[in-house]
Structure formats: C-alpha cells, structure tokens
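Okay, so here's the structure we're looking at.
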C-alpha cells in the first residue's frame, strides 16, 4: 500500500505525509524523483530519521519524531507553515482515515465518547492541499466498511478526498467511488462486499 | 546617534514575570510538543502560584514537562489547543470537568494568533467548513466556495523560547523549535522571551532576525534545558 | 517645532516619522534616550543618512532616501512591517497634515482636482499606531486655518489624531481642540483667530 | 535520500517567461520605489510585447526605471498601487484615461497579497475606515471599533527580486530590498525570481531562508543591475 501510494508522487512535488502509515510512504519514493516533504510544524525538505546518537531535540516532525535536515531544507514558523498549506502550495497530502464518504467527506480525528485528542493540523491540510489521498485499511478491525455512503463520525473536512488507497485497491472519489485498480488477488465482488457504498467500475 | 542603554534583560525567570502575573489572566505559550518550550518561564509561573489561567498553546505538554507542570498544580482553567493527546492528566482533568478545552485546527490557531498580533480582528478560512469547528461561526462564500470567519487572538502575556537574542530583543530561533514562538511574540500585551544566549547589539545579522526587538518586552537567559524528546525515532545505519 | 515634537518621545519608544518635516525630528532626539525608528518599507532601527559615497541602493527609507543601519537594526517584509504598524506595536507616529478636525479627523493625502499620488502607508499608520502627532504649520500658505471644525478634503483617517504641534503651539485633540502650550511670543488671541474651530484653554 | 535534480534555473529572463505571458494577465511586481525591483524580468516583459496588463505593485517606477518601462510602451492597462507620485508619465496616462488606477493603502496592499498567498479570501482592517477606501466595502464592528473587509489578491504571475538563492529556489533578500518581494512570491500562480547569485543546495543556512523554495517556480540570474537611487541623501561628515 505504501509502495502504491508512493507512485502518486510526481517529480517536483511538495508533499505532506500524515502521522502513522503515511509517514512510511517516504521510504518508497523513487530515487530519481525530486520530492520535497513538508512537516507542518515548520519545515520544508524533511530528511530521514537520524542515526542513533545524532538526534536533535530542536528537530522534530509533526508526529514529534526526531528527524534530520537535507541540503535544501528551510525552517519557518507555524503561521508561515499553514499559510503554505492553506494557500494551496502543497501538491499532495497523504493521510489516514476512520471513514471516507462517496462525496469525499473525511472523518479521522474524533470518536465521540472516547477521549478527544484534537484535530492537530488535519483540518487545515485537507482544506488547503491540492490533492488529498487517504491511505487506510479497507475495513475497520471489526470488519465494518470505512468507505461509506455518508460519514457517521465527526468530519475533518467536507468533500476533500480525491483518492483512496486501501489493501483492496485504488479508488477515485468524485461524488461517487470509482475503482481505478484492484490489488493483487482481489475480486470485484470482494470490493463490493466490503464497501459501504456503491462502487463504480470502469467500462 | 545616541549610545543606547537597553533595559530588557532580567536576571531570572521569576524576576522577569513578577509584576505581570495575575489570577485569571490569558497566557500564550510557544512550543510544539516539547520542542521550543519556554521551560524556565513555565517553572516560574508554577512557582508563582497564579491560578485560573487561560492558556493558549498548541499542545498541553506531557506529564512533568511543559504545561503539564501547570496541570499538576491545577493552575489552568481553560486551554485553547490543537492537540493534547500526549497528556493523560489533561484527559483526566477534562473528563472530570476541572478544565475547559477549546480545540482549534492547528493552522487556524496559528493564523488567529498572527491576526491578533497584526491588528486583524477576523479573517476567513476554508479550514473546518462543514465540521464541528464551524459551529456558530459566520459562513461567507467567495468564488463559489464557503469559508468561515475566525477571530484574532491576543493574550495578557506571551512566553516564548528563542535560541539567541541581542540586547535590543532581536531574536533568532533554531530549526523546528521556531514553531509558534514568532507569532505568539507578536500577540502578547507583554511578551517575555527566554533564550539560550544573549549577545550584544550588532552581533546578529540584521537580515536574519526572526523576531524584531519591538515585540519583546523582557528577556531572560534560560538554564538547565531538558532537551527532552517525545518520540525518539532513529534509522539503521 | 521639530525640537518640540522630539520632546514627545519617551525612553524605549518605537517611532515612525512621516516624510518631510517629521523626518527631521530625528535630528533633535535627546542622546540619552533609547528611541528606535521604524521605516514602513521594512526596517526597525533606522540610522542617519549615509556619508557621501557610502550610500547603498538596497537601503532606503519610506521616502526613498538613502539611510544607514544601526547595531540593533532588523529588516523584514512589507507585510511584516504593516503587521507591526496595524497591530499597535509602534508607540508614536509623527506626520504632516493638510487639515485636522476637532474630532481628530486627518486629511493629508489628496486634493481633489490635483493629481492623485496615492496614500502610501499613511492610512495604515494613523489607524494602527498608538499615538498620532501631527506636525504642521498652523495655517496654509494662503492663511487658511488647517485646524478646522470638520475636514473638507478626503480623509486619511477618522478620529485618529491625538496631538497637533504647530508654529503657534501644542494642542490636544479629544473631541475638541485644547491648547497645551503656546509657542514663544504667541497670544491666545492669535491662536483663536488663526484656528478654524473653537480652541479651549486650560483653566 | 535521492540525489535531487533541480529544474528551476533558466538561462535568461526572456526564456524564464516565454510560455507564461498572455495579454490581459495580472502581474505582481516586487520592489519599493526603485529598491528590490525585478529589473531584468521587467525588461523581458517589455520585449515580449504582452499587453493590457493589470499590474499590482507598490509604486509605478520612474521614467526609464522599473514599471515606468511598461508605461512607455503602453502595456499596462490597470495598476493597483499605494503611491505613484514619482512618475509623471503615469499622471499623463491616468489623466487621459489610458490607464486605470486603484489605490490601496500600503499596509492593506501588503496584507491583501499575504492573504492571497495564504488562502485567506478576506480579512478585516481598521485602515481606511471612514475614508474613500471604505467605499462599497463591508463594515463590521469588533469590540466597539469599526473595521472594513478587504479581500485577498493573487496574480497569474509574480516577478520578484532576491539577493541569493539556491538551486531549490530558497531565497534570501538584502536589507530594505526585501519589501514586497516575499509576499508576492507566495501569491503568484507562477512565481519567477531573479537573483544576484545562485548557490548550490546546502550553501544557505536553513534557519535563514526568507522565502522557501516551494514558492519559486523559476529562477534566473539577473545582470546589469542599475543600483539606481531615487533620493540620494547624505549627511555632513
């Protein structure tokens, strides 16, 4: 899945990767491409994790992980960072999700009744970034579909998701869910069965 | 021109805050996670015993670190933050009703503070449209897209952390320890900065100042920085 | 007049001086005071004019004059400069005027029928700076009063002037014009005669 | 990580602009007076012959300098500026109706451009309340004070001037030549920067970048800078 997500990145892209699985996409980026990673706490040109002993407490990513810089790195304030995000300058954001609806609504920050941790920068990212890709398991641990007719959880953004990549395939979201690719050994029937809304297939 | 005498430097954090603090005041505190936190000033606030604080800060620290120290003593009454997931004590106090909480999207929080410091009472953003964040907020359509109105934020006091400063209060931050510090510096009625090093005027390059001295009322040299790391992550050689 | 205006500056003040006569106030600032001058094109800590041959085309003030830096100078963008002004961080602005009304309305940017040059940063300064002092001749060249009941020229700001310093005296503006000081050899009667609105005198 | 290949550097100003320009487009041009002007890019626009331009720039240049060059050739149809007092040709074209003019207070202009680049469609400011500037604008009261709504500005193209850059487009400006350049860099659909020196990635301090490379689409090394001074003012020894 991370490999497949990495293939959405084009040469020259500026990309923000969400916390968790999306962070791992960085490991799959093709060497020949010039991809610049943004971290919303105030950094463009995010490098890999440091070697042991080389960590710097003043250099962390949005997930509070220690990271490193690159030759073309720049640092800036949170206000400048979100001006960059809100202003549509980031080409691509890859995030996790709890639910995505057929109209592109995204829920990924809050489950009522459980402790509210906060939305962090997720609402800003989905509202501002040019293309939003959701990377998630196709179904919840209890088997419930995460691609749904309409979200039951509080939203992170309305009509913001462009593409969904799951263990079952790649989906375009544009008022309806259209399958672009099936994962290996996955059938149309399995996708239909495990999805909470109608799935269109190309002719 | 005159030989200027600068009067912004204080001998320690408690001294720098002593005639500023009052119960019920609003305090902005810089930092992201445990990175770029005004550690010495937070400890001084804890020692002062000031209470019923409204705190504006991206996170709420962890247990024993950052604003976590003021949660232990029950000095915080309300927090405006974007994410507090690292602090179990916060969860407990929130669920028991001891503390009020207002979540802002991180970028909206940063921009509200920037607006407060820049004399902008309100602005429109697409962030949060159609979500709980838009509740009770004015919605306006520009170019067929909906935006919500968010207001500027200011504070009675901003406490921030920088790397270096000069006597005039010009500041430079280091790496991602910059984060919310520069905007909060502009939005406090009084702003107190703690730094790792104080230089003479003329020792910083004027093209490279992150926060001009006009925003800084008081300066204190911090000590005993914890260099705490929340999520140590390393790669294989 | 410039000397008198310079006495309005307090130790530690951040000050913006307008183009023309207000610029000259800098020459009268008492040496013992720590006064920092802002130039709205993006500089805090403005120094004196350069010696001949030491001018730098990248270092000018808002009047496009060559200037110098000081040890505590900082440079920033126009957006950051006006954030500073609009946000109320500048203590004092001293500007010229065509007319000031008793309610503190200021007209200093436009004479209808003549070429419109533009307001530059004047509207931002009077709306944002904590205290606005007008420094001007008490009367126009044709003798017409410049302190008036209400301005006839297009406004730069409404209710923005706090103090007026003219060749005849120093005036407080607070819904009415109150004289604080008479200049040497100036009588109450002369002030009354040359002012276009009622002048209050202290008891 | 990968060995990046950077593709932003163009051999000359005309080449950097050739497939971008079109009649009737909106162009933002950095600079304050003659300070920090993208001189080479303005000359390239003049040579291109593109017409009916809407230009957003604090000033309109002087005769023979800056945007004055595009006034001579009649390429500008409308200008949004805060002050054009230095240019007699502008006056002539304005009075004869050849050119439209929209005045913005300088700080409002800067903030409108910052908002445009930051995805903020509108904001409120006290600047211009009760003046001609407030005409036809929404007025709103916050804390008993009136403010007017101003909208964000963007452009089809921003042309800016910086001092140094690296291959990734990270920029550094020099002294007051910074002015409108950093905000305009953020508000162009395409932004082209001319610089005095192009460095390799890694030669600039990442803490000291004024404009991150994300905002810069194309870079050209400028030449023959005039170092023109509008108001040479010196003091006695």
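Letters A, B, C and D name the chains as they come in the text, with residue numbers starting at 1 for each one.
Basically, a contact is a pair of C-beta atoms (placed from the backbone, for glycine too) under 8 Å apart; a residue touches a chain by one contact, two chains touch by 3 or more.
Not measured: the values here are computed from a predicted model.
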With respect to inter-chain C-beta contacts, which pair, A-D or C-D, contains the greater number? C-D
More than half of B-C's contact pairs recur, by residue number, in one of C-D, A-B or A-D. Which one? A-D
Gap in Å, rounded to a whole number, between the CA centres of chain D and chain B: 32
Rounded Å distance between chain A and chain D, as computed from the means of their C-alpha atoms: 34
Can you work out the whole-Å distance between the CA centroids of chain C and chain D? 28
Quick check: how many Å separate the C-alpha centres of chain A and chain C? 53
At least two partner chains per residue is the criterion; list those residues in chain A. 48, 69, 75-76, 82-83, 85-86, 128
Find every residue in chain D that makes contact with two or more other chains and list them. 111, 114, 118-120, 125-126, 173-175, 178, 206-207
For a test of understanding, state which residues of chain D touch chain A in their complex under the given definition. 1-7, 114, 116-120, 166-168, 170, 186, 200-202, 206-207, 209, 212-215
Report the residues of chain A in contact with chain D in the complex, numbered from low to high. 12, 14, 29-36, 38, 44-45, 47-48, 69-76, 82-90, 128
Quick check on the complex: what are the chain D residues that touch chain B? 111, 115, 118-126, 140, 142-143, 145, 147, 151, 172-175, 178, 206-208
Taking the complex as given, what residues does chain B use to touch chain A? 32-36, 58, 81-86, 91, 94-95, 101, 103, 105-111, 113-114, 125-133, 173-183, 210, 227-235, 237
Can you tell me which positions in chain A touch chain B when the two form their complex? 39-43, 48-52, 54-61, 63-67, 69, 75-79, 81-83, 85-86, 105, 110, 115-124, 127-128, 154-159
